[in-house]
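For clarity, chains are labelled A, B, C, D, E, F, G, H, I and J in written order, and residue numbers in each chain start from 1.
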Amino acid sequence: MPKPELLETFPNPYADRNYEIFMETDEFTSLCPLGGIETDAAELKLLEGGAPDFATIRMTYTPAERCLELKSLKLYLWSFRNDGIFYERVVNRILDDLVAACTPKSITVVGDFNVRGGLKSIITATWTRPA
Amino acid sequence: MPKPELLETFPNPYADRNYEIFMETDEFTSLCPLGGIETDAAELKLLEGGAPDFATIRMTYTPAERCLELKSLKLYLWSFRNDGIFYERVVNRILDDLVAACTPKSITVVGDFNVRGGLKSIITATWTRPA
Amino acid sequence: MPKPELLETFPNPYADRNYEIFMETDEFTSLCPLGGIETDAAELKLLEGGAPDFATIRMTYTPAERCLELKSLKLYLWSFRNDGIFYERVVNRILDDLVAACTPKSITVVGDFNVRGGLKSIITATWTRPA
Amino acid sequence: MPKPELLETFPNPYADRNYEIFMETDEFTSLCPLGGIETDAAELKLLEGGAPDFATIRMTYTPAERCLELKSLKLYLWSFRNDGIFYERVVNRILDDLVAACTPKSITVVGDFNVRGGLKSIITATWTRPA
Amino acid sequence: MPKPELLETFPNPYADRNYEIFMETDEFTSLCPLGGIETDAAELKLLEGGAPDFATIRMTYTPAERCLELKSLKLYLWSFRNDGIFYERVVNRILDDLVAACTPKSITVVGDFNVRGGLKSIITATWTRPA
Amino acid sequence: MPKPELLETFPNPYADRNYEIFMETDEFTSLCPLGGIETDAAELKLLEGGAPDFATIRMTYTPAERCLELKSLKLYLWSFRNDGIFYERVVNRILDDLVAACTPKSITVVGDFNVRGGLKSIITATWTRPA
Amino acid sequence: MPKPELLETFPNPYADRNYEIFMETDEFTSLCPLGGIETDAAELKLLEGGAPDFATIRMTYTPAERCLELKSLKLYLWSFRNDGIFYERVVNRILDDLVAACTPKSITVVGDFNVRGGLKSIITATWTRPA
Amino acid sequence: MPKPELLETFPNPYADRNYEIFMETDEFTSLCPLGGIETDAAELKLLEGGAPDFATIRMTYTPAERCLELKSLKLYLWSFRNDGIFYERVVNRILDDLVAACTPKSITVVGDFNVRGGLKSIITATWTRPA
Amino acid sequence: MPKPELLETFPNPYADRNYEIFMETDEFTSLCPLGGIETDAAELKLLEGGAPDFATIRMTYTPAERCLELKSLKLYLWSFRNDGIFYERVVNRILDDLVAACTPKSITVVGDFNVRGGLKSIITATWTRPA
Amino acid sequence: MPKPELLETFPNPYADRNYEIFMETDEFTSLCPLGGIETDAAELKLLEGGAPDFATIRMTYTPAERCLELKSLKLYLWSFRNDGIFYERVVNRILDDLVAACTPKSITVVGDFNVRGGLKSIITATWTRPA
């Protein structure tokens, strides 16, 4: 289970200015949920979940009152490692968790997933703070 | 014959938010129809169609009520393999079939075809859901 | 002499939709006209024209009633091979000939010429169908 | 079934000199045989074989008495399109067929197959004419 | 624990010829063992092991009597996912397990690990069948 | 401590025209402040600060009355070398110091920091002269 | 001294159409003026100027009545070779000289200078013909 | 017809030392001879030969008594422009002509031809001066 | 001062097999010693040393009885940060210190230094254990 | 005139060990001598020499008693700037001058010259100290 409670924040030291923070990891991995693509029962038992998925995750936000603490973000992303979760949910879930943690002015999360069955998938979701 | 009946969809788990899904395969192949470029009768007999074409297909859409299921999309794209079909029709046909399957908010299909006779071709078509 | 009479077209199979066709060749060659850069009399005699020029030609158009047939386009571009013609004329001439052949909704032609005397040249011309 | 009878040759015009001919195509496709990786019964029926495989094939040889004719080589490689065949057999089969067609001084065939299940495979086989 | 018992083999169909098989995955992941670099107690608890490591694994071998079956190799490599293991052991362990499974004529295993603390590591080990 | 007093300027020789100056260095280094990511007490003693950080810094401005002198900018950027400072502060501090030094029409500073713990960070801040 | 008198022009053969001409050379060299960065008296004597600077110069313009002749442009750019001149002046001077020579509809000149002291500089200036 | 009589040489200024000269052009073009690949009668008439071929030619030699003069080499390579000639002959013919012109200690000629019908060809021939 | 006493080792877990360990960092920095290239008195005072140098360091060794511990290697390389030292000494000093720490079967150290005054330098030194 | 008297050396601090020093600059420029390729009288007058040539120079040597001092090497290479000199002479002259300055165990000089008239040239010369 993703663990949003791992996310920590600190006060934005330049809160009076709009500036952008981009963070990227090419070390994201989760599992394909049961019944997913290219997974069969034997493999699922091996991992107590599904076949591994790999992705690059990119996050870009304009902080408001608080900034995301980098090391806690790393731990939060690690918490997907043994979770069975679909691509669409990975990206929207990260978006929701980061919004809940720091309520930025705006934020975009991109999940750029490795080729599976000859198909590459990239999912992009954005949230903007209501005026 | 392309088989749009292979396409499957599932309910969009984040239907209240606009987000974008990009899918790409560099393993698309179809045949040049009879009388096409660089094809002659002997080759056509060999393949019971025309000379092979190869392309990268890119699809980007904003889902509405339903999302395209990845494995079924792969099977649908495979169904062009032994079909004789012109470049323009490949791209517009995929666009029409994906729209019919999931009626997204908007969708763009790009066919990036390998060089033939020293000429590269890229065809791009877009559909937007009427307001 | 460029031979626009070689250009053939076919009816646009999706004429009710705006879509874009991009075509590119990196095998365009023509000759530098008499008196051009880096050409002298001895060389001109050799080729009965001027020194060879090489370019990548990129053509992007939105078809209206008719599409350009790819093989005939290839033959048309070959017909510049032994012609002495300046860069600006190559690009604008191709633009004019393609417009005359298929009267698209809009079209852009780019000529990306190889380095001569340490200088690279790229010429870009656009035509839009009057409303 | 691969059709080695399509291969044609012509007399080596420089048979008194050792020189090397390299040929490469990134448009090779065949099918995974029944029971292969990532294939199930439904997909096999679709293609009357197995899931599609894609590869770049590289061939390097030193001709002896005869050279391989390029267009016939292209047709020969096309003849694998709807054949179910394992990677190891693709490469060794092409090697055997080319040796049978032109008995070169030596020849190497490389099959560089697209990623399947996160794994890339490259197979390399060589044949040298006995002294 | 790595599970070498997952590895399957099949008879080499061209056992009378030396040829080379290269296989590569950029989706290898394991865990840093307890007390390893850049790991602390809190993170270890999260994963019931250590911090995640990521690597590209490259395997090149000349088969003798038997070849490695690709899908079983994939499952074997997945079995390192939640194991705490040092870089040197990853590479030498895979080498030992593959040798035990198929006793090739020769084999090389390369582990190309992601940067940690600004340092990239690549480990290369080779085994040759005694004459 | 960063030393903004090192920054020197000279009169803009083309002050009547808006033009853009971009400057980039991939040789920026500072230290992680106490308690920062991947730093422990032993390392801090070694450097009398924290673990080293490395970044590419990009600065783009439209000069008004005065331009930044390049050599003095180099010395100013060197002055961060043994300073413990967070990413957000590096970028906003450079922005503030350059604005104070030359009050340009507008300026953007980008800090593109090396991967730490598998995460890359890029921070972008902009200042525009009030009308 | 730069020699704008070397610049020659010819009548725009397609003056009734807006089109763009891009020209680039990566062989621009000039000298750093006295007192410049990384120059000392001994070096200056060697070159009777300052240390050499190297740049890529990019020029993009929409011709009006006249086009720039390529060979004369090459000679003009060569005339900076032994001139001591600052970066800002190189770009703005070329812009002014090209405007004076052909009065285009608009023109942009970019000077992309090699790294000096770890810092890369790119200067961009634009001129538009008054309405 | 290729014109080897265009080749000029000059005395090797460092004839007492073995050193290597590499020359490359990516602007080689010739014609496919009658009956060649992807050529038909209509196209042949257009060019009074066959379809155009394009190649990069690489020449590496160790000069003996004489060196090849660069400008004359350029003119010699231009003389293939409107000649119908097969790939194997292009490379071996250039090798023979350069050997006849300057009798180097050794020389290698490579012809790296553009993709035709999905197949790339590279031909390599070498000549060494008898002891 | 470089601190070789920071280097730690551990017993080679596969000491009966020759295998190779490659380690690379692009985050090495030291200072140019007094009187070095492109340094003047004012800058030296700033850093209590000389101008900063940056390099990529590559180390490849075949371990004998002991392996180098990665984290201690990182700390050792950090200890050059504020040291004035010439390129040749950086590479040979690291070689000597690593040999002293683990006495491998063989080792190569490469220092690939950033451009200074338009010149890039790469130094390579090797040590082999006497038989 | 090239000025070998500018070259300075210092005692090799590790003279008891064979190690390699590679130095490269992509900022070498000289002039084409009178009567050279693509040069005419008008241009020669402009530069009091010939048309500019540009090259990347690579030097690799194993020092014996003395090493080449980097800054003096830079000044030496600058001294070709306004000299008319052929490619073959540039490379062999630098080789001779460096050998005379430091008599290394062995040395290789490569001159990688920019494209002229569509032809790139690379010259490589080596010197080894007699036993």
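The working rule: a residue touches a chain if its C-beta (ideal position, glycine included) is under 8 Å from a C-beta of that chain, and two chains touch if they have at least 3 such contacts.
Bear in mind the structure is a predicted one, so any value in this text is a computation, not a measurement.
Trainee: Using only Cα atoms, superpose subunit E on subunit J and state the rotation angle in degrees, rounded to the nearest 5.
Mentor: 145
Trainee: Among F-I, E-F or A-B, whose interface repeats B-C's (more than half the contact pairs identical)?
Mentor: Answer for B-C: the repeating interface is A-B.
Trainee: How many angstrom lie between the CA centroids of subunit A and subunit C, rounded to a whole number?
Mentor: Computed from C-alpha means, the inter-chain centre distance equals 47 Å.
Trainee: Could you tell me the distance, in whole angstrom, between the mean C-alpha positions of subunit C and subunit H?
Mentor: The answer is 28 Å.
Trainee: Would you kindly tell me how far, in whole Å, the mean C-alpha position of subunit E lies from that of subunit B?
Mentor: The mean C-alpha positions of subunit B and subunit E differ by 37 Å.
Trainee: Spell out, as numbers or ranges, the residues of subunit F touching 2 or more other chains.
Mentor: Answer for subunit F, listing residues that touch two or more other chains: 27, 38, 52, 54, 114, 117-118.
Trainee: So which chains end up touching which?
Mentor: Touch list across chains, by label: A-B, A-D, A-E, A-F, B-C, B-D, B-H, C-G, C-H, C-J, D-E, D-H, E-F, E-I, F-G, F-I, G-I, G-J, H-J, I-J.
Trainee: Any idea which subunit C residues touch subunit H in the complex?
Mentor: For subunit C paired with subunit H, touching residues are 3, 6, 27, 29, 42-43, 46-47, 51-52, 54, 75, 78-79, 81-82, 114.
Trainee: Can you list the residues on subunit C that touch subunit G in the complex?
Mentor: Within the complex, subunit C contacts subunit G at residues 37-38, 86, 88-89, 91-92, 116-127.
Trainee: Under the touch definition given earlier, write down the residues of subunit A that touch subunit D in their complex.
Mentor: Going through subunit A, the ones touching subunit D are 38, 52, 54, 114-115, 117-118.
Trainee: Residues of subunit I touching subunit E in their complex?
Mentor: 12-14, 17-27, 67, 70-71, 73-74
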